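Order of writing sets the chain letters: A, B, C, D, E and F. Residues in each chain are counted from 1.
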Amino acid sequence: MIDNIPGNSFGENISMGDEANRVKTGIEGFDDICGGGMLRDRTYLVSGNSGAGKTNFAIQFIYNGIVKYNENGLIVATEEKPEHIRENVATFGWDLEALEDEGKLAIIDASSTKIGIPSQEKFVDVRPFDMRSMIDQIITAQEETNAKRALIDSSTALGFQIQDPPKIRVELLKLSATLEILGLTSMMTCETLYENEVSRFGVENFVTEGTIMLNYHRQDNVRSRSIEVYKMRGSDHSKKLHPYDITSEGIVIHPNEEVYML
Amino acid sequence: MIDNIPGNSFGENISMGDEANRVKTGIEGFDDICGGGMLRDRTYLVSGNSGAGKTNFAIQFIYNGIVKYNENGLIVATEEKPEHIRENVATFGWDLEALEDEGKLAIIDASSTKIGIPSQEKFVDVRPFDMRSMIDQIITAQEETNAKRALIDSSTALGFQIQDPPKIRVELLKLSATLEILGLTSMMTCETLYENEVSRFGVENFVTEGTIMLNYHRQDNVRSRSIEVYKMRGSDHSKKLHPYDITSEGIVIHPNEEVYML
Amino acid sequence: MIDNIPGNSFGENISMGDEANRVKTGIEGFDDICGGGMLRDRTYLVSGNSGAGKTNFAIQFIYNGIVKYNENGLIVATEEKPEHIRENVATFGWDLEALEDEGKLAIIDASSTKIGIPSQEKFVDVRPFDMRSMIDQIITAQEETNAKRALIDSSTALGFQIQDPPKIRVELLKLSATLEILGLTSMMTCETLYENEVSRFGVENFVTEGTIMLNYHRQDNVRSRSIEVYKMRGSDHSKKLHPYDITSEGIVIHPNEEVYML
Amino acid sequence: MIDNIPGNSFGENISMGDEANRVKTGIEGFDDICGGGMLRDRTYLVSGNSGAGKTNFAIQFIYNGIVKYNENGLIVATEEKPEHIRENVATFGWDLEALEDEGKLAIIDASSTKIGIPSQEKFVDVRPFDMRSMIDQIITAQEETNAKRALIDSSTALGFQIQDPPKIRVELLKLSATLEILGLTSMMTCETLYENEVSRFGVENFVTEGTIMLNYHRQDNVRSRSIEVYKMRGSDHSKKLHPYDITSEGIVIHPNEEVYML
Amino acid sequence: MIDNIPGNSFGENISMGDEANRVKTGIEGFDDICGGGMLRDRTYLVSGNSGAGKTNFAIQFIYNGIVKYNENGLIVATEEKPEHIRENVATFGWDLEALEDEGKLAIIDASSTKIGIPSQEKFVDVRPFDMRSMIDQIITAQEETNAKRALIDSSTALGFQIQDPPKIRVELLKLSATLEILGLTSMMTCETLYENEVSRFGVENFVTEGTIMLNYHRQDNVRSRSIEVYKMRGSDHSKKLHPYDITSEGIVIHPNEEVYML
Amino acid sequence: MIDNIPGNSFGENISMGDEANRVKTGIEGFDDICGGGMLRDRTYLVSGNSGAGKTNFAIQFIYNGIVKYNENGLIVATEEKPEHIRENVATFGWDLEALEDEGKLAIIDASSTKIGIPSQEKFVDVRPFDMRSMIDQIITAQEETNAKRALIDSSTALGFQIQDPPKIRVELLKLSATLEILGLTSMMTCETLYENEVSRFGVENFVTEGTIMLNYHRQDNVRSRSIEVYKMRGSDHSKKLHPYDITSEGIVIHPNEEVYML
């Protein structure tokens, strides 16, 4: 556990000898606390309560991939409509539509058609819900964009459609196995109900290679946010809770600040 | 996070650069804490325990829309009878019937007929419960009033009729998608059982773009009220709990006062 | 929130400008804390744990209606047998039988026959349980007594027979809608299991216009009682817990005393 | 609430003006705290955790009835075998067999035959379990002994055979109604799992006229016992927890001592 | 409650006037705290969490019966295999096989064959699970050994096979009734999940005459063991928690030491 | 309880007289706290929350077996894919592939094919899940490698496929019985949800001879790890929580350091 990250000054020694293997998120402060980035071709769970910032965090991973690291991206939107996603992150100055037009980003609309409302999107997952057809859409979109990163937002909305936890595990396993075969390094968001809960249906962490926990908690009468690299197979990482903010430029993590929790 | 609201003095910096896009509630103190108002054409969840003031809060949003901002409104009453609603808010000096007569407000009675009791209302949702027919009523009422704001009071009473959470999610998704297509900025009330709970059936926040939490809590032997903008996609907002009162003029929020919670 | 109750000295300002509209309970100290009485023609939930005094409180509302305000009354007994009710409140000096003989009170026996035991009562609800037939009994009894107040004691015993919460909601909604149409101002008792719980099946408060909570709680090794007007649509009310006693003259509320709870 | 019990010195005023109506338990200290005894012809729930002393307490009520008040008794044994009951209370110097031989006591064996084991008892309830046949046994035994007091030990063992709580309520209601019609003042024991729980299946207190709670709780590393008259319709009673012991002469309650609970 | 045990110095008076009737466990310190031993021909529940020492405690009761009191024994092994049991207790210097060879002990293998694995044991309960056949095995083994003591280890493994709690109660009732008829004083182990829980399925204590609770609890970062005679019908007993150890000679209880629990 | 481990200085006396019988894990600090190693031919449960380090711990047991003790090993991978396992532990400098090539280690792929994805592995468990076929694979792999140690990682993923706890117990019992018959000393990992929970489905500890608990807990805003030998039939062991780290050389336990827990 020799601390070989020059700039690391947050009191933990995180070994990091495999930089080549790492997919950087480019999120300020985050790559530092996870040993240099995600492991290539693996799928990670991004868990947290409603409003914690999971969607923003994961889109920033995709957006940075395209604009900072030249890795195209793919978003499967099962909860929010693609047009809302575009509008929401526009407040951070991110122009997803431009990236889509350049063929660098594909957003698969996997929510609207489910309820019989026609979608204007290019990539639309037909209804009723079927993991097979969603996977086909992902394969098509990946071929068109040559994406290297993917986001499934959220596994929880998928879970509601599948309902039975053991079946959710199998279907999500098919999904993450496919993402890996396609050479995608991925995030899958997961909305939890209680603090410290790893997953919603108790099975999502069984199909992923690590878990990042985002937390939006109240202390006295104000809420603040914190992030934790909870598990990351095959890698050392920070064991601390790190405060973060959602600013007008997106997520900013403060790896050197302390969170005080009860 | 530059504080660009001149009058904001409650110790938080809430960016607000999209005033055109904002639908003001006109509720004293509220627009300040949510960055200037609701985002146009989106649906928000108003959650809280019984008696918190959800119905009063949401009707004030509709009422102010009509009398302060010239935006007509639409109320779907699934829990209280329209005549009770009119009587109840009359104590705040609000004359809903007058607004209805002027064609500025429509109240859809979606409760009485469900139990076989004839309704005197103009807009009545036929029985038995069916989301399709409720949506048709909403479309008709919207056409007649050219409403820009809507209130579904409450999603919980609807949920009791649908029963199965995954099905509740799908039906409410249809509802919120319709409200958006009709150009309505909407609130959907949701009655929770436990403090800090975001929704009753665990799915309502999956079909809305943000959550406002109202809380009626006891400290020692007296109850008081507080409000929190818990989540608001695409916008900055206050992260604090703000005390509020129900006065003889309706809801008044005190954005600069502190709530002390255990 | 101008305090216009001359004698109100318990540190809260409760507006009360609609005295004509109010149905007084005549229970010492209670009308003060609810803004002058119940709202006419509405149904209220009286919730609390076993032994809290719900039945006594609600019968006192009926009894006072007859002897103090000249409003006849109606009791639907689904839990205790009418003869027990008469015996129990006789200890407070209340002679229900006399009132029944004078045609001012009707007690509908809705428990005994359910288990095949013949009833000596005048108003007996036939078995097996069916809300339709109970409502018919209520209509008959109301016609005979010209009652203005009603008590359903308890909604919980009814709920046990219906079993399914969504169905309980619908059946109780029929019941409260009927009570209103008959011009009855009513109380419906509800036995809760845990402190701070509003209702037993989670739906009873959805069919009533307000909730009064009675609480029988232990502090150290002694139990005491407290009452709270938890919710009252269309009215201001005290937000405090008020201690009360069951004395040899019935319920006495102490609006100016404090309850100290942990 | 005038304290008219000469010897009452435990700091509570319990009114007691109906001594004629009272069925004394003769248990040292108990009649004092319940206003003079049980109300005649009513059924009371004796709740408490395993080992609290419910069976001993209730048998003492029956035993004292016979030897002190000349009121014969009846025990329905659904949990322990009659021969064990006789042996167990023999350690208190009570000779049940002698009372049975004198025709003053009947013990109905309602457990052994259920599992196909022949019973040597005189009163045996045939299998399989059926409330009708148990009630017939009770009627026979009551006729033979002219009993005035009864004990059902325990309602919980009965409940296990009925299983469905709403059905348990109906069957126990039949039972308690029969006991009353037969002119029996009765106790029904009920084994709870958690402290402060009134009943096991949530319905037993709906068929009885009062609840006595026995509690066997640990403080630090020693257990002690306390008793509370939790509810008693139509009567004032102590609101305190009173310590008690099981001594070589049976139950002894200490009405003037305090219990210190956390 | 006169303390008639000469050597009893642990601050409690436990009456014990029926020594003839008592079956001594011979476990150091235990007979003292239960009033002299188990009551003859009765079945006791030995409850506690995993690893508490239930199996060791109960085997010591059987082992001591044979070597100290000349009472042969019988073990029904439903969880561990007989050969493991022999190996495990050999570390205490107990040679079960020798006792089996002398015809003083019988171990019924009621686990292995359930899963289709042949057993080398003499007494094997055939599959699939059926209480009738297990009882037949017990009768055979009792006849061969003339056993006076029995152990069912564990009732929980039996419960898993029966699954439905009411059915578990009936089957275990048959079992304990048989043990009694055969003249066996017995222990039945029961693995609980939570501290202070009396039984796993909520019914095991309904078929036994007393409960001994073993507890393996953590304080700070070390675990220690304590034992409590929780209930013992027809007998006085210690009401304290007593620490105990598993030493190289088996269980040793320290009746005069205190346990400090939070 | 004579302390016969020369180097043992952590304040506990752990007897250890059966060194021949012990299977050493070779994990720094661990064999000390469990009395010298696992008991030969038995199966142990390794329980703990997600990310605790169960997989790493158990693989180290297998790896050390081969490289330090000349005992070949066998891994059944039901959760992670074999290629991920190889990559992950490569960061500790362990070259599993080399050991596989030397015929000293077999990894059975029991996950990939379940979802219809072809596996490149030599040992692949065919789909759909069936314990019989998994056992056949184990037998084959054991014959080829002459393995003496086995790891089932994880029993929880198996449990999800079986679903019904009583059935999980039976199937895992078959599995552990087979492992024993094959002469394998084994670990079975188990992912728990709550601290202090022994197993996920409440039955896994009924088919194993001991439980090792790994714990990844947060104190203030940092997580640390601790390990406990919770139960070990037939053996003395440490009763303490011991801190451990996952370093670049794998698991290191600190038997002499204290863990401070709330």
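Simple rule for what comes next: a contact is a pair of C-beta atoms (placed from the backbone, for glycine too) under 8 Å apart; a residue touches a chain by one contact, two chains touch by 3 or more.
In UniProt terms the chains read A, B, C, D, E, F = Putative circadian clock protein, KaiC.
This structure is a prediction, so every number in the text was calculated from the model and none was measured.
Centre-to-centre separation between chain B and chain D, using Cα means, comes to 53 Å. Inter-chain centre distance (chain E to chain F, centres taken as mean C-alpha positions): 31 Å. Of all residues in chain A, none touches 2 or more other chains.
Shown here, the protein chains touch around one cycle, each chain meeting exactly two partners.
In the cyclic arrangement of chains, the order starting from chain C and heading towards chain D is C, D, E, F, A, B. Chain F contributes residues 1-2, 15, 18, 42, 165-166, 169-170, 173-174, 177, 181, 196, 198, 202-203, 205-206, 209, 211, 226, 228, 230-231, 233-236, 239-241, 258-261 to its touches with chain E in the complex. Partner chain B is touched in their complex by these residues of chain A: 49-51, 55, 79-80, 84, 87-91, 111-112, 114-117, 156-157, 160-161, 163, 191, 193, 218, 220-224, 245-248.
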